[in-house]
Structure formats: C-alpha cells, structure tokens
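Same chain, two partners: chain A is paired with chain B first, then with chain C.
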Partner chain A sequence: MNTTTAPVSLREHVVPVEAGAHVVGAHWLGSTLALALADGRVLRWTDSVSDQVEAHAGGILCACGDAERLMTGGDDGRVVALTADGGPAELARDEKRRWIDAVTLSPSGSLAWNTGRTVHARDDKGRVTSLDLASTPQGLVFAPKGYRLAIGQMNGVSLWYPATQTKPEFLDWKGSHLDVVWSPDGRFVVSSMQENALHGWRLGEKPSHMRMTGYPAKPRSLSWSHDGLWLASSGADAAIVLPGRRPTGQGAARMRRPPRQGHPRRLPPQGAGPRGRL
Partner chain B sequence: MADTAPAFQKTPVTVLTGYLGAGKTTLLNRILTEDHGKKFAVIVNEFGEAGIDGDLVVGADEEVFEMNNGCICCTVRGDLIRILDGLMKRKGKFDAIIVETTGLADPAPVAQTFFVDQDVGDATKLDAVITVTDAKWLKERLKDAPEAKNQIAFADVIVLNKTDLVTPEELASVEAAIRAINPYAKLHKTERCALPIDQLLDRNAFDLDRILDIEPDFLESGHHHHHSDEVRSMSFTIPGDVDPEKFMPWINDVSQAQGPNILRSKGILAFKGEPRRFVFQGVHMILDGDLQRDWQAGETRESRLVFIGRDLNENELRKGFEACAA
Partner chain C sequence: MIRLTDASELLVRPALRGSGITAFAWDKGGKRLAFGTEDGAAGVLTLPTA
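What follows is the complex of A and B.
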C-alpha cells in the first residue's frame, strides 16, 4: 500500500499582495488580512479581493489587533480601530499631534498607547487613565491575566496597574529598552535592547535578571510559544529560540549566545574601542 | 507622489545647533520656505514653540543615553533613533532630514547616533553639523556657556549671524574667537541668517570619500588665551609616510584615553608601501577610517592629523604622532 503523497510546495499556497507602501503590521481579522501601511492606509484583503481605508492623515507607526479589530497608532496623534468591514473609528486623539509610538491590546480588550512621554490605558469599559514617564516608551504589553501593563523605556521596564493609584514597579536595567513581551504564565518579562540584546526579569518579590547578548542586530521581533516554554527572537540570520524557563539560580545568568556568523551587516562596536575598519 | 530619492540612497541629515536666541529658527524657516523644490522632514525640539508646522515636523524630547558598551562618552539620542526609524518607513516623502537641537544641547550624542546605531546608519547619513552663532553675544557665551563652545568646536558650517548689530572691529574679534576654537569650519557672516541654502546642505562633511583636504579654512593666528576648559584645535603634519603598525595602536590609545576630551578628529595619512590615502574621522572615542583613492602624481605624500578638543596636551600628541613616522 502506498501511503506517501507527492510533496506539495508551500509556494502553491502563497499569494503576493501588493501593498504599495511599507507594511508596519499585518493582522488577521477572521479570514480578512489587514495590513497597516506606513502611508496611513489600511489594506484589507479577503480571498484576493481588497479594499483600502484612509485610517490616518499621516503615517501609521504601530499596529496590533485581536480577532475583530485592528488598532493603529499614527504620526497624526490618533489611535484608530478598524474591523474587517466597517469604517475607521477614532479611539483617541492627541491635540498636539504627538506621535503614537506604541499601541497594545489585552486579551480582554483593554487598550494602551502613548503620546510622547505619557502612557494611556483604556479598560474594557472605556475608562482611560494616564501615567507620565521620564522618557518616551517604545514597547507596551499587557500581562496575560489582569489589568497590568509593562512599559519599556529608558533604563528599565515599568509594571503599572492602571486601575489603581499604586506607584508602578520599576524593573531597573541601564540602557534603552525597546519592545517588551510578557510570558504566557505571567512569570517573565523580556525586553529587547538598543545594544542588540535581550534583557529579562523573573518576576517575584525580588525580580532576578536574565541576559541574552551577542545578537548581530536588534532583536525587534519576539514571540512566546503557547506553552510559554520557548521565546523566539529575531536579530540574527536565523530565528533564535530560547528556553523560557531556566534552572533557578543567582543573579544575572547568561544564556547561550546565538550564532552570529554569516550576517551581512557590520557589527557595531562591542567595546570601548573604535568601530569599523580601523 | 513621485519618489524624490532612489531607495538605495541614504537620506542626508543636517544637524542644526546654536545657542539660545542665535537665530536657529530663523535659519530653519529660511531653509524650509526658500524656493528650492526640496522637501524636508524636520525634527524639532520644544514642539509647538518653534513656529513651524507641517506633516513632516516631528517634536523630539532629547533623550540621551549611554551605550552599554563600556565607552563612557558613547552617548546617543534614543528619541532620534525612534523618530528616524518612523520617518524612514515613509522614505520618498522627503529629500532630506533636518534635526534642530535645543540651545543647550551637546552635538556629540546626535552625531554619535549615526555611527553607533546600525539601523540609523544604514538608512541615513549625517551630512553636516551647522552652528548658528550670534555676533553680539557669542563672546559672552564663550565665557559662561560650555555648550556654546562645544557647538562651535563641533561645527562643519558656522553661521555668524546678526552681524548688523556689531561694529566691524567687534565682528573681527568674534570671528577670531571662533577661529581659535575651530579654524576648519566654513564660516558665513549673515544678517537674519540670509545665505543661499546650498551653502548649508549637501556638505558631505562626514563622508570619508569627500574629506579631500583638511587645510584650515582660516589660518589660525598664534594668539591663544590659555585657561582651563579651553576648547581649541591643533594639527600635526609628518612630511612623509607613517608606519600603520605604530599609528593604529597609537590612535586607538589616544581615542580611548582622551576620547571624552576630543570632540572631533580627522586625518589623511600616507601609509608606508600603500599607494592609497588612509582617511579617518572621529567623534569622541568613535573612529571611522578607510583606505581611499590613490595618492596622485604631483601630490606630496604627507600625513596630517587634526584634533578639536578640550584640554588636549599638544606637545604629547605631537610627540606621539611623530613617533609613528615610517
């Protein structure tokens, strides 16, 4: 009995979509693909039929979404929600037109975004609270459970309960923190850093540090496996997948270094010495 | 909209500095409103107060941070990295970017951002640092504001503005004060910042291939005021080749030991047995250098270095460099 089937090329299932501008974010709204574009448009594509919506007057800087809505933040200072078939709905507008650098959604539908150095959180009932920071946040992510927000900023990550007056907890680590992710079990927060590195904290009474350095480029894309056991990261020629849980230990344990061969770009300075070809 | 720049070209970035009230905003408005057919994205400080507005005007908070690379003077502008990243997604909407700094800003973190951040360096290139100064008040500021001194020392182009408010003698004196700090920058004397903008843009001041010559724009007079915190320039020449085996370790040591005090450095060197010129430039501890075109027939093979900095020991540097002679 012959049980093998002829190999099917993945390419047969790939359809190119011409977006016409830099794609800031791609998100599935059911069977509709929504592409947030750097020129302010959102392109919606359903089974080879597409339409486009002028979501922002300027450009789109960030995007996120859940099963029903695409959320976009723009350089027109607006946060806009879009469904698979409706028109754009403005959720927030900054009078000074400050850039919306980051936007994020929680599993229960809470929304957070920034205008300049202020972070705003809107719970699932529409109540908005704001928090002023010392620097412009670049990464926002809600905890997997509960109304708590992690904010990546200069010299650390803040953990903020927007519904309470409590002072945010500050996870301190010198440098510029870019994107932030929270592990599915809520125990770990990991940020990507300017110095081509990841920094993580195991949360608890005394958060402990984790470091992952040596990426050839900034690891700007991070994603946990569903079981929370692995964290995949960009920043190298190959996706680097790290064990999300490590044996308990003291201090800043260094995880294994990623492969760094074959990356086409020059390495930035790693030490105090001069860069480049000198 | 038609693409205004081919995708492979790096977008030039001009940095505009100058002490409070010197005329930065006047110059910026001139650049933006003059009929030159170019489109600019402008990154301004103190959003809303600059009196300019438009789609591509972005407000920035100067967020300077230290890189975790062991280099104490390696500070960069985090906000600039973020904003340039956002702007470059809309490449084709503008020809060039202008960054206006606050009056009290040190230009070094801005310049270093272009050398240290790979994404920024891949998409954009630093074209020049332009410093606007006030003919009437500059000499006072040089006495009481180290920022004003840094801005002069760092400049590739200096706009000496408000010349109508001083006498010819006062103007000559302020010009001499500028030249004592930085004889290499192009200097333009203006009223209300009136000058053709092609004197400001496309300078390629940080492009190694365009550093053809580091002759001073102005011959420095021998007169120096010596006091602490003095910012000035010095140049050294070896009338022939240097030994790269000696020069490379030396320049690395100098830039590491004295990097915080060296604001800018440049050099054109003849390496022994090498037909091409070696050209380098530096900002504090960050050095960038490469072998460039051949020494041409009729050109004298000589090696020359320029440092602009604070409290530099001229004799020590001269001796160190001369010991690198081949």
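What follows is the complex of A and C.
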C-alpha cells in the first residue's frame, strides 16, 4: 500500500512566467517556450527573456505545434504559424471569419483545421483539400505515419485520407466524441466523449471497440507515454493511466490489465472510479 | 506530477482557486515542464539533477 506522506515539492525549481491572459496552449520550440493566449497574443519565453506577438485579431481558440513552429487557430477565422524568432505567418484565412476550433499538425508537416462543419487538410506541399461533415468536427489528429486524419464528431470518428477522393471510414459509436488521439504505433484510435468516457478502436479489417467509462468528469486531456505503452487521462481526481499495448508479444494480456491511478492519496471510492479496458 | 516508475507524487504548483492549469508541455529533452493557467499565470519547471 502507498503511504500518505506529503508530496515532494519541486516549487523552488519553478520560474514564474507572467502571461497575462488565459493560456490556451503551451508549446516548446527548441529552448523557446511559446504560450498561445486567449486574447490573441503569443508570448515567447527563452530563459526568462520574453517577447510577444499579436498573432490574431481576435482570440486564440486552439493551438498545436511541432519542433519548429506553433500553429494557432482563432475566432478571426485565421490559422497562423509562428517560429521561435520570426513574425507570424498566415497559413489560412476563412473569408467568412468562421471560428477555427481545432488545428493539428502531422509529424511530416501536414496540417488540418476546421471552419464550421468543414475540415481542411494541407499537405506538406501546400495542397489543400476539404471535407464536409454532417456535424461540427471536434478533435482532429493525424495518424503517426501517412497522410490520414482522424476527426472526432457526433456518433463516431471519421478516418479520412485527404489525398484521395474516397469516402472516409467511419468508426461509429453513439454519442458526442470530443478529443481524439492516435496511438504511436498507429493501431489504436481513442476519443474522449461528452458522457465522461473514453472510447477506443483497434483498427483493422473489422475495428473492435474498447470502452472506458465511469469518469467523474470529462477526460479532456489525453497523452501517450513516451514508449506508447500507457495512455494518461484527466477527468478524475487521479490521473488515470491505462495500459496500452506492447509493440510485440504479451499485448493482449497487457491490454486486459486494469487501469492504474497515479494519485495514491485520493483514490475514488470502490466502484466509483473509471473502469473498463483499453 | 507523478513518477510512473514508483507512483511517487511531486508537487509543481499548488492548487489555486480561479487559476486552474489549462496547458502544459514538456520540452524535447524532457527536462523542463511549462504550464499555463486560466488567469494568465504560467511557469517553467526545470527538473533538478540528482
């Protein structure tokens, strides 16, 4: 059993940064920290020296990034990229100034965003293709390899190859799907749901379902561990860490292990915590 | 913050009303953790070297 000793404090190792507005996204560009702020600014911080850029005419709604750039979407209908030292570069602009609710980048530099019910994808050569959906898309995420986009929406997740004309594959599960993550090995797609649950699919000829219900709140933040074996989730007083799948061998056994809770002092009452398997 | 290897708990920032964490990110080397909050406070944790 875990003892209830006070947590070790790392507070003395924290350098405060005054951002001055709701922080929508935090992203490292090498040794420069970029903070996307709800008032439309991006604050860049490098070893306690900071500057700020007026990236959007309105507020920033979403942000993502890769090693070189931060990408933001705003309520001014623009998608803007920013590097550690340059000025903002406009990547897309919606003529009707529809809000950009979601942006995402692929490892190879492709990007995707939405305007209303339409999803747009831009490949690494700058070609843009668009897809109209029946419901407003929520989370967007590219597959770890290849030009394929997962789109969380009402009653399921669409898997779209933007470079082809083929109809997207639809992974259906009743309910509203919010954020979507793709496992680093490309074999699993997991979405967070409006009804305080995660839903996952093992991809393949016949995708199989994985359910994870019973969160006290919405698990809106999901992240894979560096080795891809664990998926950490918010939505409870504890950080719920789900055993992912080993790349080889023993996979099935590991997937059946119960979720692990990373907050030993605040375990929810028996039966009240998330349950299920991924 | 939780260390996965032994589930030990490490405090980076105490809970403050109206200042919930809205964003955080590790740097590429995994040595620094940046966080931002709903009221505009932010910070950078540099992991101490043992």
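One rule holds in what follows: the second predicted complex is superposed on the first by the 236 of 278 C-alpha atoms of A that agree within 3 Å, B and C clash if a C-alpha of one lies under 4 Å from a C-alpha of the other, contacts with A are read in each partner's own complex, and residues count from 1 in each chain.
FYI, a contact is a pair of C-beta atoms (placed from the backbone, for glycine too) under 8 Å apart; a residue touches a chain by one contact, two chains touch by 3 or more.
Quick caveat: nothing in here was measured; it's all calculated off a predicted structure.
Trainee: May I ask you to decide whether A:L10 touches chain B, chain C, both, or neither, giving the answer as first, second, both or neither?
Mentor: The answer is second: A:L10 touches chain C but not chain B.
Trainee: Who does A:V24 touch here: chain B (first), chain C (second), both, or neither?
Mentor: both
Trainee: Could you tell me if A:T136 is touching chain B, chain C, both of them or neither one (first, second, both, neither)?
Mentor: In the superposed model, A:T136 contacts chain B only, not chain C.
Trainee: Of the partners chain B and chain C, which touch A:V49 in the superposed model: first, second, both, neither?
Mentor: neither
Trainee: Just which bits of chain A does chain B share with chain C as contact spots?
Mentor: Common interface on chain A, chain B vs chain C: 22, 24, 265.
Trainee: Would you pull the chain C residues touching chain A in the complex into a rising list?
Mentor: That would be residues 1-2, 4, 7-14, 22-28, 30, 32, 34-48 of chain C.
Trainee: What residues on chain A touch chain B, complex-wise?
Mentor: 22, 24, 38-39, 57-59, 61, 75, 96, 98-99, 101, 116-117, 135-136, 138, 154-155, 174-176, 193-195, 197, 217-218, 265-266, 268-278
Trainee: Within the complex, which stretch of chain A touches chain C?
Mentor: Touching chain C: residues 2, 7-11, 13-28, 30-31, 33, 35-37, 43, 45, 63, 67, 225-226, 230, 239, 241, 260, 262-265 of chain A.
Trainee: Within their complex, state which residues of chain B touch chain A.
Mentor: Going by the criterion above, the answer is residues 47-48, 55, 58-59, 61, 63, 65-72, 74, 76, 78-79, 81-83, 86, 89-91, 115-119, 122, 248, 251-252, 255-256, 280, 282, 285-290.
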